[in-house]
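Two complexes, one shared chain (subunit A), two partners (subunit B, subunit C).
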Partner chain A sequence: MNDLPDSTLSPPSPLAVLAQRDEPAAPVAAGSQEARPALNFRQSRLSRLADRWSHLIFLGCSLLVVLLIGGILFFLASRGLAAFVPMAGNVGRTLRLGEVFLSSDWAPSSDKFGILPFLAGSLSVTGLALLLAAPTGILTGVFIAKLAPHWMRNLMRQVMDLLVGIPSVVYGIFGLTVILPIVSRSWLKDAPASGFAVSALILSVMIVPTIVSLSTDAFESLPPSLDEGAQALGSSRWQAIWHVLIPAAKPRLITATVLGLGRAIGEAMAVQMVIGNNPQWIALLRESTGSTSFLHTLFTPAATLTTELVQELPNTASGSTWNNVLFAMGLLLYLITMALILATRKLGQGREA
Partner chain B sequence: MPVLKTLHLSRTTKPVDRLMRGVLWAIALGFIVVLTVFVGAILKQGWPVLNLGFLSKMPETLDAGGGIKPQLFNSIYLVVLSLGLSLPVGLGAGIYLSEYAGKGRTLRFFRLCIETLAATPSIVLALFGMIVFVQTMGWSFSIRSGAVTLALLNIPVITRVTEISLLAVPRELKEASYGLGATKLQTILKVALPYAATGILTGLVLTAGRAFGESAILVFTAGTNTSAHFPDFRMTVPGETLSVHLWYVTSDGTLPDAREIAAGTAAVMILVLLLLNLAVRFLDRAIRRRTR
Partner chain C sequence: MRIRTLAQTIVAGLLLSVSAQAQTVTVMGSTALGPIVKKAAEDFMKANAGVQIAVSGGGSMTGLNQVTSGGCVIGISDVYATPDQDKAGLVNHNIVVQPFTLIAHPGVGVTTLTAQQAEQVFTGKVNNWKEVGGHDQKIVRVIRPESSGTRAVQKKIILHDQEFTKDVLIQDSTGAVVTSVATTAGAVSFVELEHLEKNKARIAGIAYNGVECSNEGVKSGKYPVFSFGHAYTNPAKLTDAKTKQVVEAFLAYILSPAFQDGVVLKAGYLPVSYVKALKTKL
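Up next, the complex of A and B:
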């Protein structure tokens, strides 16, 4: 195997690339006997053995990821389920599922563990953020893919790259020091200056890059014949976008939105810094019904699954009921993420069929 | 096609088209404005605080005037450690997915797992790290707990980038390598990986930026304290990073100048991010120059 027949040197261009890599001064004269192959692949027994077994190492790395997925599920479940099932290391009482998932009464010091406020908080903040981010993100996607001139396209890519790279605590401090003062100086000043609206606004900026880049890909991968056909039929640019391109890209746009949802529901620090961390927000709203407008409820201090974890986990003793319920909330978040990923898979399959 | 019905030209077609083009431009420009205001506000707030003293002083616990020297060090140290841990795994998994897994069910299953890990909220990874490394293995809040858990965040990104970069290697290049008698392993290590290196490096820089800004994971694994010594390379001490410091001083509130420190820290983080972005652009240009 060491002396190569000349015929293997026949495709010259890739070889030239190889040659330059090793010894740029001596170009390979294809076909000449003296020409050394640029890379000297020695076929010792060792290298054959390495070749045979190396894929096991790579497979091992991949399996590690699978193992991690299972490991996270196992360890979160081992602590989260301890809230409902008597387990070793439990110091508190075990709860019924109903009093955790169906109750809005969260008062751990008086033994009440209803997590409904956090679930509802997470869903409302995420929903509001999506309401802002999904339409703007998808329209920006179509703008980048189909309408923007070249320089604008590059500029928007840069902008989205920067937005996605900004750390969540910096988003949080921006909300805290820039947006909240504006809100409390506005006509909303008698409203408590935190809560859903500000968190949702910040979250929407955080998830927009995800939605933009995925929907840009979706529009760019559409066959150009769709666009051309619509225009040949005399449609305007917007008609083509609205009646042809968006419906055609719909499954992937929904996938983009679902992934944005996943990012939003799991975001912890930025939301925690601006939402006001009030687990009793449902009770607060109930007390003040009628006297407050809808806009004011948007500025009620609230709490979500993630913010409550950040807020209270460091203060609880391991093994206590309180601690276990917090881990159960983490488990719930993880299961939601998995469900969302599986949902995007189902959407993808629908597209292929 | 039901579309045909709706594509008639009416008197409103043209104005609507023009209006919606305007709306699309406005949304896109809106995002540019948001970014400019954002970066501008953070830098403006942090500018008065930023000086060499701020970067090179130890933090105070109760008095004003503390610096962020150890936090800056911990941030970089943790990013390097976590990248060192996740790079081999990510590279290996990426190589497996692009070169060995084929196109069938195996590939789809592994991709699903990597997507799931990539989408897992960092707070969930934080809980996992807290249970396994901090409590079960008894590492407590330390650099090593933080680095290992942070690596979990990096692995899916590095895997994906490696896979994509390796899939972009021209087939002729690999075939030429096989033609020279190379084994598959030699082709991957000596031909495909060097070709894909710039792409992987770009991904690494982006991953480093993400790890640099991560806070939720580190609050629960690396802790909110820092060693009293300065360069403290021990893995067993708590290691508060810049992002955790930023969060902790704002929400804890014992420091009289918490606002200034938070503003300065945020500005430093934004500056680091901008630098990393420049690096990515530079690498990107290098890739394009070579593949031209």
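Up next, the complex of A and C:
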């Protein structure tokens, strides 16, 4: 009884997928042909007027969006660059690029503005989160697209969509009140668990749904002939996935990962609740006399660009050096995100060509 | 954050234009002080028909920035103005007293610290609770970000202006601090007294020099850890005689015994009259 469904179901499944794929395409084509005569109705003066007005409204909306984004970028850049260039409204001193980007000493009340700890913090926590999330997400994508039974596929997709909608502060509270105490009590002998490890774990849970959805799409868009060909040549399920499907979907998988990266690097709320927010973490590691193993570093309270912005920006006087440097950090984050988006588009184009 | 700052600017702009038309007194700043000032404004408007007082938040620094630039008439703040803002001619009015207390995770085995021990705990000279009479447990210091008013008070009174050790956890809000202390073994921190009273079940208060933080302790002068809530005005930007009159009457109302002993005390603050003068500027 148990063997029968398996042996009968698995061979025709690629064909079933093929049939499903053809079905939706046909009605759409038929529909568009039927819809065409409807467009040839005589246009009244009113409808022409409405057409012109709607055109203006659409144009207005898109201009407004462009204006808003441009305005925010201008605001960010003008305040951020004020840290390095004397500008009207500056009450603090102007800084040299070196003492901001090459120094790890952050103590604004003592006039020290090195942002290296935040940059290194952002990159490490995001990198760690990707190390956890990318393999998990991509393998889940393979499972949903190629291995899971139909009912489970739908269920998984819906669950992933739901996970994307959970506000980040919920993940943060969960990390602060559940994960941190568990890790510190069971593993670290009551030392605080705040730091890169738990933050990266929380972040990876947050970005896995994004990576899963996009990689599922990637695998589903592959022509079934690849999978069938590999199996016809005698490869096992695992060999077909590892040697054929994943290499074929690689550009889109990279895109999925980069989008996950973009979400992770910009996340502030959840991270700042569990990372410990210690801007002096590099100096602390350097000073600690004991062994500074990799594991030790993972559980050192640290800080990132976003967490520092969330904590300090509302409480600093505008025009002060401190405030300007914070805006410069915001600008840096904007540029990193921008570079990621451009990289994604480049990768996407490479796939189509 | 960008959106928040933009929104604040827009709100400030709107308030400014409204105040120009209807001679509304605008108050901006500290979200902690906001509720009692709002209550004072409601009572004051009830007693004085035709007067409009609009209270909005934004944070202490926003309040100070706005009152300096003339964006609002009164800026309320948990911290003193910066030297630059003082130079611009801001005038300080202390409106309430805020008592602070040391708190710790309930399992540390310590109920009191001397001034010297408290200082050593936060400067990093003492790293285990057994060195100050508690259990063998690493000390985990939870503090507020560098720009926080609470941290400024703590640095001035507890650390006597020395730097905090680098081995700290930092939490953004008092709520997060309390949660962190309640869930982390060996944690110690510094919060407003009302937050200890609300969370007695989760965290333990630590007496300072053998004196537990209480309203009576502050009043009798035995408990020295507290700060002022401030209302700043900017005479240089306050040219309209009628508005000036309203502002003076409103500040006088906040400082009146009826308001100070009633509303202020109930909101977790102490009347300014409890403390005659502070030796050091916080």
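Assume the second predicted complex is superposed on the first by the 302 of 353 C-alpha atoms of A that agree within 3 Å, B and C clash if a C-alpha of one lies under 4 Å from a C-alpha of the other, contacts with A are read in each partner's own complex, and residues count from 1 in each chain.
The working rule: a residue touches a chain if its C-beta (ideal position, glycine included) is under 8 Å from a C-beta of that chain, and two chains touch if they have at least 3 such contacts.
Because the structure is predicted, anything quoted here is derived from the model rather than measured.
On the superposed subunit A, the positions of subunit B and subunit C overlap enough to count as a clash.
Looking at the shared chain after the overlay, A:P108 reaches subunit C, while subunit B stays out of its contact range.
Contact comparison for subunit A: of subunit B and subunit C, B touches the greater number of residues. After overlaying the two complexes on the shared chain, residue contacts for A:D161 are found with subunit B alone; subunit C is out of touch. Within the superposed three-chain model, A:T255 lies out of touch with both subunit B and subunit C [touch as defined at top]. In the superposition on chain A, A:S47 contacts subunit B only, with no contact to subunit C. Within the superposed three-chain model, A:G266 lies in touch with subunit B and out of touch with subunit C [touch as defined at top]. Of the two partner chains, neither subunit B nor subunit C is touched by A:S215.
Touch criterion not met for A:T321: it reaches neither subunit B nor subunit C. With both structures placed on the common chain, the touch criterion links A:V91 to subunit C but leaves subunit B unconnected. By the touch criterion defined above, A:T304 lies against neither subunit B nor subunit C after alignment on the C-alpha atoms of chain A. For the superposition on chain A, the stretches of subunit B under consideration are 21-29, 111-119 or 129-137; the one running into subunit C is 129-137. With the contact threshold set out at the top, residues 72, 75-76, 176-177, 272-273, 309-310, 313-314, 318, 330 of subunit A are in contact with subunit B in one structure and with subunit C in the other.
Looking at the complex, you find that subunit A touches subunit C at residues 72, 75-76, 91, 107-110, 176-177, 180-181, 184-185, 190-192, 194, 272-273, 276-281, 283-284, 287, 301, 303, 309-318, 320, 322, 330. Per the touch definition, subunit B reaches subunit A in the complex via residues 3-4, 6-7, 9, 13-14, 16-17, 20-21, 23-25, 27-28, 30-32, 34-35, 38-39, 41-42, 45, 88-93, 95-97, 99-101, 109-110, 112-117, 119-125, 127-128, 130-132, 135, 152, 155-156, 159, 170, 172-173, 175-177, 179-186, 190-191, 194, 206, 209-210, 212-216, 219-220, 243-244, 246-247, 250-251, 259, 262-263, 266, 269-270, 273-274, 276-277, 280-281.
The touching residues of subunit C, counted against subunit A in their complex, run 1-2, 4-6, 58-62, 64-65, 82, 84-85, 137-138, 140, 145-149, 163, 166-172, 176, 179-180, 183-187. By the touch criterion stated above, subunit A contacts subunit B in their complex at residues 1-2, 4, 8, 11, 13-15, 17-18, 21, 37, 39, 41, 43, 47-48, 50-51, 54-55, 57-62, 64-66, 68-69, 71-72, 75-76, 78-79, 136, 139-140, 142-144, 147-148, 152, 155-156, 158-163, 165-170, 172-174, 176-178, 205, 208, 230, 233-239, 241-244, 247, 259, 262-263, 265-269, 272-273, 306, 309-310, 313-314, 318, 327, 330, 333-334, 337-338, 340-341, 344-345.
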